[in-house]
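Two complexes follow with chain A in common, the first pairing it with chain B and the second with chain C.
And now, the complex of A and B:
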């Protein structure tokens, strides 16, 4: 089966002739393979080609759209924001900060060329990308309040694909909490293909939180590539329940000693939602730490997937790497697949992974019911307890309360 | 174990060749070779047709290349597909008629063909290069109705059973190497245990590749009828040669209602020398089907030899309440490579599976566990437990774990855990302090690490396997 594509580089404005040629090359490379099917090992559990064929007649890369300047900011939670529509910056606000310490501009599309030539979607992104931001925090500046990136979408996106590129750079000793907040209640089928590049300099600290605020027919793919210098720390929290299809691919390169990273995910999937988290942690240097905890609750006909790889280079002695994926399968039509992988070439390491999947403990449900709680409530309570554990490590109380509320809404189906 | 023992065993002790005349099929893979094999074995027409179908399918198949260990392209036209000791062409009627040189070889290998058989009580079917040389203890087994013979003999004497079950677990054209085997398989063992019979002794096969430029393609078929039990052992060696030799066997197990099959392997093919020259390519397809209710198949393997080991003994749990088990030790040293594991496919209700895998990597070796646990929608109340541990010795080797886990219903539970570590310095220090030298200490610790698997082996093999574990790691420490 072949998709009807209508991809046109000419639609993208302000391109130099040279860039057009380079984009054309990437597009041709993409055409060779098309959207990946399950024959591609990285897409074994998510047959993207099949899913798109089912849901789209025709896909095109329209870039002109109507955007409103208004959006509903989150209340009772002090924050800075970047407001994006279809990936383009509409407005920014850093009232809580020293503005000179923060550099924010439109992403210069020429800045990053091909990020991964073997990844068909990254190729497509390089060919068609338009829109995106680049953010840089100057040395030793620690943001006082979290930064929320509002991702909003126009109403005319049916059968469209959005390709965005963002870059985030934290200079030595700087700190940032970045919340990627997707808000989209359109019932239109559309695809969003994003490539984020993250670079953390010495001792920089980044917390990156991904939130999906409402149920949506969006088909999202996000590729995050990050590189860490010595002593830096990168934390990820993924709370992206609600999307019809979502695949988040995170590649973390621990390039210098004593850097550390963690990935926490709590998903409650309903209906026919399909979410995949794929990680690759490259331990390229000694004394680095990585930690992953992936939790899924699968209801109805949903499907959850975790593919995680820990790669330890020969030089990366004293590596401490851990990977855990847990799934609760609530419905007989739901499915959980996992491929937790270790590839290790250094001997003085501590690497382990665990993966479990199973049903809700019926004894626990029974116990709660004897205390007068209805079965439905009891199940919800247990799911809440199961997923909430992921937020335990967050020390900022305000942030924790905010995320707990989001999670609770997701457990109740938004 | 005494230090002296270890030193004697330092080299691969099964590396000798036996100088006997052998009959070979002409080099190359074509219809004529297949007809030659079929003809020399006096096979019925249906068998030849089966082989030719496999050969035709092979033409449209591609060699798989997704595995971790890569190898130079094999020239399938440059191999001999049939090699048999000349004296075996007229089938011996008793042990006395077997070429004494072959018997001597087996004596060197420590296989109890004549005398020791009575003491050990193990019935042995020995496969030399391509043909089954001798099957011992036949009378006693026949009394119970147990059939234990070479597969060539079974094709002639028990065609109904062979026709019914051959290829029923590993389909004719399952993948490249299995299909190749279906086309050119030369011999192997056949076991049938009648209903409600407990096989009174361990059945055993010993494989040996002797001739050069030969591939060995054996085929084993074991059927445990309702309520029966059998334990089967398999051992392998080959002479030392500079070239790589191909071994592509197919093993099919079928367990009917309430039956149990225990299959143990100690694989010690020639692993190549210290620089990775020579050695066997061990590309084997092993699969068992728990067809009946309450049936059980248990695989135990100790993989110490071969330049490349590439195999996944699997269980298809079709019957309700059936059980699949996989216990594995894979040791790789020098330039050896292993990519091994299992597949547990849960189809029936209340099925259970257990996977214990211990990988040990030393020198420049690479060791991969790759496995699949797939619990289907209808396999309610099923359970799997997987544990794969890897031990790294030195910083030039690699240890990898690639499990695929699929759970498709809400009443089943899957648990998987894996760890990768090196030998604990404190444990080593403690052993040294008690007067054990470095090598003894390592062998002791490694044996402890493998204990859960070694325990699964039948007594006679367990001792041998323990020694093998120590020998395989010679020179990897310090």
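And now, the complex of A and C:
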């Protein structure tokens, strides 16, 4: 297959000679494999090479970081924000908080070496990364309002690839609700390749919510690597419907006792949208909990994938791990693939997993229609009922209403 | 209001209704009684527009050919079916469902849709009349409801949508005596000169509370006898077997 990209480290500004050499190494490693195809086990359901060849011409990494003017903060929902264009910080606002407790700055690219040499996209990210933020919350500070990270994009990204790195660190006893809000409706094909590193210290609590705000031709890949200390809690909510292609890979390391994590996902895929959620939960310590509930609705010719692995180390006794994937297949042309995996070396654990897929209940549709509701509306009510369940555990009412509205918009196709 | 002429209905190549005639006028209450398998529920299904039936004959509802109307249009034009087995629909909030239903019907009738607050006020009033606890309204539709609660929920929907013709399919089954009385009171309080009822039942029990103008006996897909309220009591004593 022809090489469909032209990457150049010289196009990244302000690099030291040393950094250029290190980036070049990563780029050479990437070149050995190129974009992964379905022959690579981790990508067997998402043939990225094929998809990019079909949709892109000569992908380039030359990206401008000009400020985008059409940024508009969400109204009627009190929040702090970080505003990014193409991944770079343009402005921040923490008016609801004690500002000295929050450290925010541009990501220092020299800080992180490549985190996973077997992952071609992570290698590429380390070679080309520019933009991104570092956020740190000081000990015992609990943010009063959620933080929205607005991801906006310039209009000149056709056939471009963005590579960002972000890091989020919560010190002991701190708490944050972070909403990663992708605000783009561009018709341009572009790629966003992001690596997030999350570190939760003792008893820290992070809610991480991923939202796609509109339909978009973006092709997104995100790798989240997180490590948890004792008693910390990490919750993920994924509401990313609308992207042409999206793959989210979450690696969670439960490194110390009594830490817990959860992943809730509610996706309504339309047209030829393709989304994959791949998780790996490493239970590295005793008495930790993990919980995953993945819900997909597949319409039209869409494709949804869930690959979830739970790994339990020998020392991780009293592990409590749960994993459930449910798909509602609305169209005969849609597809859903699930690959649950358990790898357990401890002998006193509770691990359960399940995967179901089914179609819309026609008796339920009939019942709703006898109440004057059109078929289309009836199906929407049922889809909403199916997906809304993942928001049940959210106790903050304002946040719940906000997310319910987002989900409803996604069900209506934005 | 409803005129059925020589109705035949087939499902899975089996003829269930074999030439049924029925004429219901505004202000009337009709009861259809009959043994199991006589076609009572099929009649209810056909009138609601359920898929899968092959239909012959005429069904005219206020001058419209019912066969031309989609399921939701029948509801919008004023036909209501209270289900024998109301469905449990997980995830769908009862209040949200009721509001969507009412607003769909109002919209089709050219009336203004109700905002959330106005709706909530209305639904609370109606629920109170039927002795329905408000907390049921914020639960998932019929999920975990008892038999009686499900049936009361059907009557609540009837009173909310204000249909012209209400078909009650075995609404008395699964009801204890108190719930039966509440349901019957609900029907009686809604009954007026403009609307009509078709009550499908096995037993006389419900008819002690809702007095029918006509009782029809359905047997093997046809109405074999029509009488007044006394016919029900007679059937209770002698059973269906002695009719022919």
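The rule is short, and it goes like this: the second predicted complex is superposed on the first by the 409 of 414 C-alpha atoms of A that agree within 3 Å, B and C clash if a C-alpha of one lies under 4 Å from a C-alpha of the other, contacts with A are read in each partner's own complex, and residues count from 1 in each chain.
Everything that follows uses one rule, which is that contacts are C-beta pairs under 8 Å (C-beta built on N, C-alpha and C of every residue); 3 or more make two chains touch, one makes a residue touch a chain.
Given the structure is predicted, the values throughout are model-derived calculations rather than measurements.
Asker: Is the number of chain A residues in contact higher for chain B or for chain C?
Answerer: B
Asker: Regarding the shared-chain residue A:357, is it in contact with chain B (first), chain C (second), both, or neither?
Answerer: First partner only.
Asker: Output check: A:184 vs chain B and chain C. Expected answer is one of first, second, both, neither. What do you get?
Answerer: Touch partners of A:184: none, neither chain B nor chain C.
Asker: Touching A:119 in the superposition: chain B (first), chain C (second), both, neither?
Answerer: In the superposed model, A:119 contacts neither chain B nor chain C.
Asker: Thinking of the overlay built on chain A, is A:370 touched by chain B (first), by chain C (second), by both, or by neither?
Answerer: In the superposition, A:370 contacts chain C only.
Asker: Just to be sure I read the superposition right, which of the two partners does A:268 touch: chain B = first, chain C = second, or both, or neither?
Answerer: After superposition on chain A, A:268 lies in contact with neither partner.
Asker: Write out the stretch or stretches of chain A touching chain C in their complex.
Answerer: Touching chain C from chain A are residues 361-364, 366-375, 377, 381-382, 384-389.
Asker: In the complex formed with chain A, which residues of chain C make contact?
Answerer: 48-51, 70-72, 74-76, 80-81, 83, 86-87, 89-93, 96-97, 100-101, 104-105, 108, 140, 157, 161
Asker: Which residues of chain B touch chain A in the complex?
Answerer: Residue list for chain B touching chain A: 66, 377, 390, 392-422.
Asker: Taking the touch rule as given, give the residues of chain A at its contact with chain B in the complex, in rising order.
Answerer: On the chain A side, the touching residues are 41, 314, 317, 327, 329-359.
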